[in-house]
Amino acid sequence: MTIKPLADRVLIKLLEAEEKTASGIILPDAAKEKPQVAEVVAVGPGGMVDGNEVVMTLKVGDKVIASKYAGTEVKVEGEEFTLLRQNDILAIVE
Amino acid sequence: MTIKPLADRVLIKLLEAEEKTASGIILPDAAKEKPQVAEVVAVGPGGMVDGNEVVMTLKVGDKVIASKYAGTEVKVEGEEFTLLRQNDILAIVE
Amino acid sequence: MTIKPLADRVLIKLLEAEEKTASGIILPDAAKEKPQVAEVVAVGPGGMVDGNEVVMTLKVGDKVIASKYAGTEVKVEGEEFTLLRQNDILAIVE
Amino acid sequence: MTIKPLADRVLIKLLEAEEKTASGIILPDAAKEKPQVAEVVAVGPGGMVDGNEVVMTLKVGDKVIASKYAGTEVKVEGEEFTLLRQNDILAIVE
Amino acid sequence: MTIKPLADRVLIKLLEAEEKTASGIILPDAAKEKPQVAEVVAVGPGGMVDGNEVVMTLKVGDKVIASKYAGTEVKVEGEEFTLLRQNDILAIVE
Amino acid sequence: MTIKPLADRVLIKLLEAEEKTASGIILPDAAKEKPQVAEVVAVGPGGMVDGNEVVMTLKVGDKVIASKYAGTEVKVEGEEFTLLRQNDILAIVE
Amino acid sequence: MTIKPLADRVLIKLLEAEEKTASGIILPDAAKEKPQVAEVVAVGPGGMVDGNEVVMTLKVGDKVIASKYAGTEVKVEGEEFTLLRQNDILAIVE
């Protein structure tokens, strides 16, 4: 099953926090920092949105920081994704 | 009775979640995941909406993910549908 | 007394739910499904509304589904109507 | 004292509900239906309002239905009026 | 001290309610009707406000009815005034 | 340390209320009227703000009345200032 | 890891309040004034945002005062930053 975002939307997936600390100790879940970095999985075509032309600048594979609470969570074949507007992506992480 | 959406609206119907798991066990209702995928049943003509020209890109038969809580539920001859703006459809599922 | 809607407004009247079930049994009021279908009784002239040109596409006699809670209820000579914007009419029913 | 509405505003006065029923019985105040019909007493000049050109289509003497709660009540020499935007007048009654 | 309103603002001062009734009895404060009529004391220059050109049509000395709750009360040398946008002035009283 | 406002913002400082009454009695703090007059300390360059060209008309040294609650208070080297949009300045006092 | 803000966003980092008072006494944390000054760490490319062309005027290294509560806090490699729109930066401090 493939999700193709519409208009100015992108599909992102939160990246798992690293499970080892610098010293190599494996952390239990509660001790892991909640990740804020997500990966772009699919990008909509852009175009006219509310009367404004939106050009998509994000690409599949970009690591991004998204606005908290923005977008709609979707669950597809057991995996969780978020669909949100490109404008709710705040920054690219490199 | 046929429902013909006006302006930039579409009529969608939630798809039933699969009633069998991968292993073939039939799940009772409460155990089924609430479906987020709907099928487009009818598409409005588009045109000027709040001063912006809206072109309809969705087609009857498209499987879509809609923004939760968006739109108005309607019940026609015992079946439940939702009427919502094309802009509240987040993605196409293939 | 005649009500002539102004600008992009239409006057609608909720249709009574059918009082007989398929099997011919007459249902008491509480058992009847609340109707969502209304009939267009009068249509405004359209024109400039908040800076946008609105063309009226609805006609007297159209059966429509309206956005719940939209509009103003009016009571004229004992009959109840609703005055609302054409944009709050979601679909035509045929 | 004369009230001259500014911009796209109109001055209306609620019409008294008829004090006799069809059978000729005079009703006490509480039994009277609250009137929703008002008469236009004065009309502003229209013109640019919030960047949009507004043409006044209402005339003094028009019987109208106004949006409930819209506008500001004013009391002039013991009489109560309402000042509201032309756009808050929903329909003309004839 | 002189107050010169900026942009599309006007400075108004509420007029005292007449202290005598028709029969000539002087009313105590609580019995007086709260006045809704104010006098324009100063008028801003108008010009571009939020992207729209505003032409000032009010003049110093105009008796006006203002939208309740609109504007900011200011106290200058013991006297109370209100600063509000021309658009919050509903009507001229003559 | 110098604060240079950006875009259509100005930096103002509330003026102390006169500490003596007309009769020359020095008032304790609680008895002083809260001042509403501020002095413009710095003015931003203006320019495009939300798609509208803003021309700055205020000058350093202007005595102004500002909209209550508008803007952000800043404390610099022990002194308190307010940063707010030129549009939140209601009037000049001379 | 580098954070590259998108569109009209900037990445800022709050500056530590000076830990010594004028007299040279080192203050414990609670006695320190909460800093309002931040340093710009990265600047987005600007461009079309909600239909308006935004030119970035801030530069990396600028000391700025930001609107309280604006933006999204991000934590990268143990350091805390804030991502916010250029329009939420109120002033430059020199």
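Of note:
Lettered A, B, C, D, E, F and G in written order, each chain numbered from 1.
The definition used in the following text is that contacts are C-beta pairs under 8 Å (C-beta built on N, C-alpha and C of every residue); 3 or more make two chains touch, one makes a residue touch a chain.
Bear in mind the structure is a predicted one, so any value in this text is a computation, not a measurement.
Chains touching both subunit D and subunit F: E. In summary, no chain was found to touch both subunit A and subunit D. The rotation relating subunit B to subunit F, fitted on Cα atoms, comes to 155°, given as a multiple of 5. Mean C-alpha position of subunit D lies 53 Å from that of subunit G. Per-chain CA centroids place subunit C at a distance of 24 Å from subunit D. Looking at subunit D, residues 51 sit in touch with two or more other chains.
Ring order of the chains (start at subunit D, first neighbour subunit E): D, E, F, G, A, B, C.
Interface residues of subunit B, counted against subunit A in their complex, comprise 33, 36, 51-55, 57, 65, 67-68, 87, 89-94.
Across the interface of their complex, subunit F is touched by residues 1-7, 9, 11, 42, 44, 48-51, 72, 74-76, 83 of subunit E.
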